[in-house]
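The structure appears right after this line, and notes come after that.
Residue numbering begins at 1 within each chain, and the chains themselves are lettered A, B and C in the order written.
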């Protein structure tokens, strides 16, 4: 119940950020609705298709598509307000990330898949929306570059699995995961925590190789 | 029957436009066949995968792949002719769009999915081929930018659903949808009708924000 | 058995080339693991999703994901060594291509799909990993541009199907296909064999058209 409410808030927020990305590429209203929808529910769709978990979420609940399309078009009217409240959207996106992770994890658990696959299902649910949005808008995929993003999905789903393992009551497990995952993301943003970056510079390496040969 | 003939004409035309896109990127013959095929049958494949409607269309009818690959390679031989007859291809593509919409809608209806999902199935069938073609050829996805394209799929499938609802005989429903959808697309192209564009200009908005603060 | 060992070697090698691509785009460790994994097992995943062959390979064998992620992160530590041994990786990638083709073909055969679909399943298994890697890393998709790559998958799977048709014993069919497919790829690379390229130059064609009108 709590999860459903938070899920609806999350897909609304993700749809709005998707609409902004579409606006940066000067898309028309359909493009806005499309990018808003894949940003919001593309992650869950990818997860369901990979797991063979049919029917896909929004086909069982077509109202989610109505929410994302409405949020997308609505964003075109209040774009300056959205731009001025980026902090709010970062917070909503962070809640969304943890909510998506819990839902993704739980669907895999209900399919009796092993823990590692449940964690991957959480990550796919959490990141594929943003990944598809960036692909369609021809932007570098943010989630693969910096910030703790997929890591938060991994942490949240691992914690949730662990709490289940210890037989913690469902509501408590959800709330605890939400608080811990959200805090990790916000603290990571505040202090600029991120994973190490791998920079492969072909030319530099070729120079090194040449130098060694000399 | 009529639909099957029009479908084969449509995938041939889409395959040829896909081959042209591949040629603009200097792909080899395999690339040409690949882009031709995803442009022509990628929409239906995406629809079937999202709906969990297995086996996917061309797996049941492998002859469709032979058609798209042949059309693709054939296009490399008659490229100037294709370039000179863009109007013909716009017309064929418009017929294809409506045919794809009707087929997509009908498959969802046969799966007893709600009307909204049938309309989305029509849109996915209609636009994902072009979307995947543009992604693989690294072009801005045309269908998200201008012209009434997805809107035509939405209109056609809604009309088709409505005619069904009123118990209109199948052949009449198909022909009426074909005529209406095709006309809408051609009239929209002629008069330059399009959906409003959402242009989100980060810098301009930041200026506005700053001005207000002053 | 032989195929399993070669498969593990192949996904390790593909994961390492995926990690290098991620490094060229300065991705973080998660991005490296992600690109490494889709480069290695994205082809098989796409094949299983298109065929409706659930559960997808790595969900049945989560250890494959552990291998690809480990190989990806490990690559960040030995990048110069990888760069210096490109020949080795070309050889491993070539073995991988034939192994992927045989596995893809066999899965389609086990599903009693027609030969043409088995060949397409082989091609999808062989090329989609590289295709998805290049899409996510925003590079032109190599497999569509030059070298005999998909053609090797087509040749290998056709040969394998043919040997099966003639009732050749499984191990012999696998080994013969491996040797023939690998040889074709290496010989093609050595002599620069490739498919004809289709270059569609809009401007040139427009000039021709104009000249004719004059």
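Please note the rule applied: contacts are C-beta pairs under 8 Å (C-beta built on N, C-alpha and C of every residue); 3 or more make two chains touch, one makes a residue touch a chain.
Because the structure is predicted, anything quoted here is derived from the model rather than measured.
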### Task
Same or different, please, for the chain A to chain B contact, judged on whether over half of the interface numbers appear on both copies.
different
### Summary
Between chain A and chain C the C-alpha superposition rotation, given in steps of 5 degrees, amounts to 120
### Summary
So, in whole Å, the Cα centroid of chain A is separated from that of chain B by 28
#### Entry: For chain A, residues contacting two or more additional chains
49, 52, 135, 138
### Task
Going by the contact rule at the top, pick out the chain C residues touching chain A in the complex.
19-20, 22-32, 34-35, 45, 49, 52, 54-56, 59, 62, 65-66, 76, 79-80, 83-84, 135-136, 138
### Message
Show me the residue ranges of chain B that touch chain A in the complex, using the header's touch definition.
### Response
49-52, 113-114, 116-117, 120, 131, 135, 138, 140-141, 143-146, 149-151, 194-200, 202, 205-206, 208-209
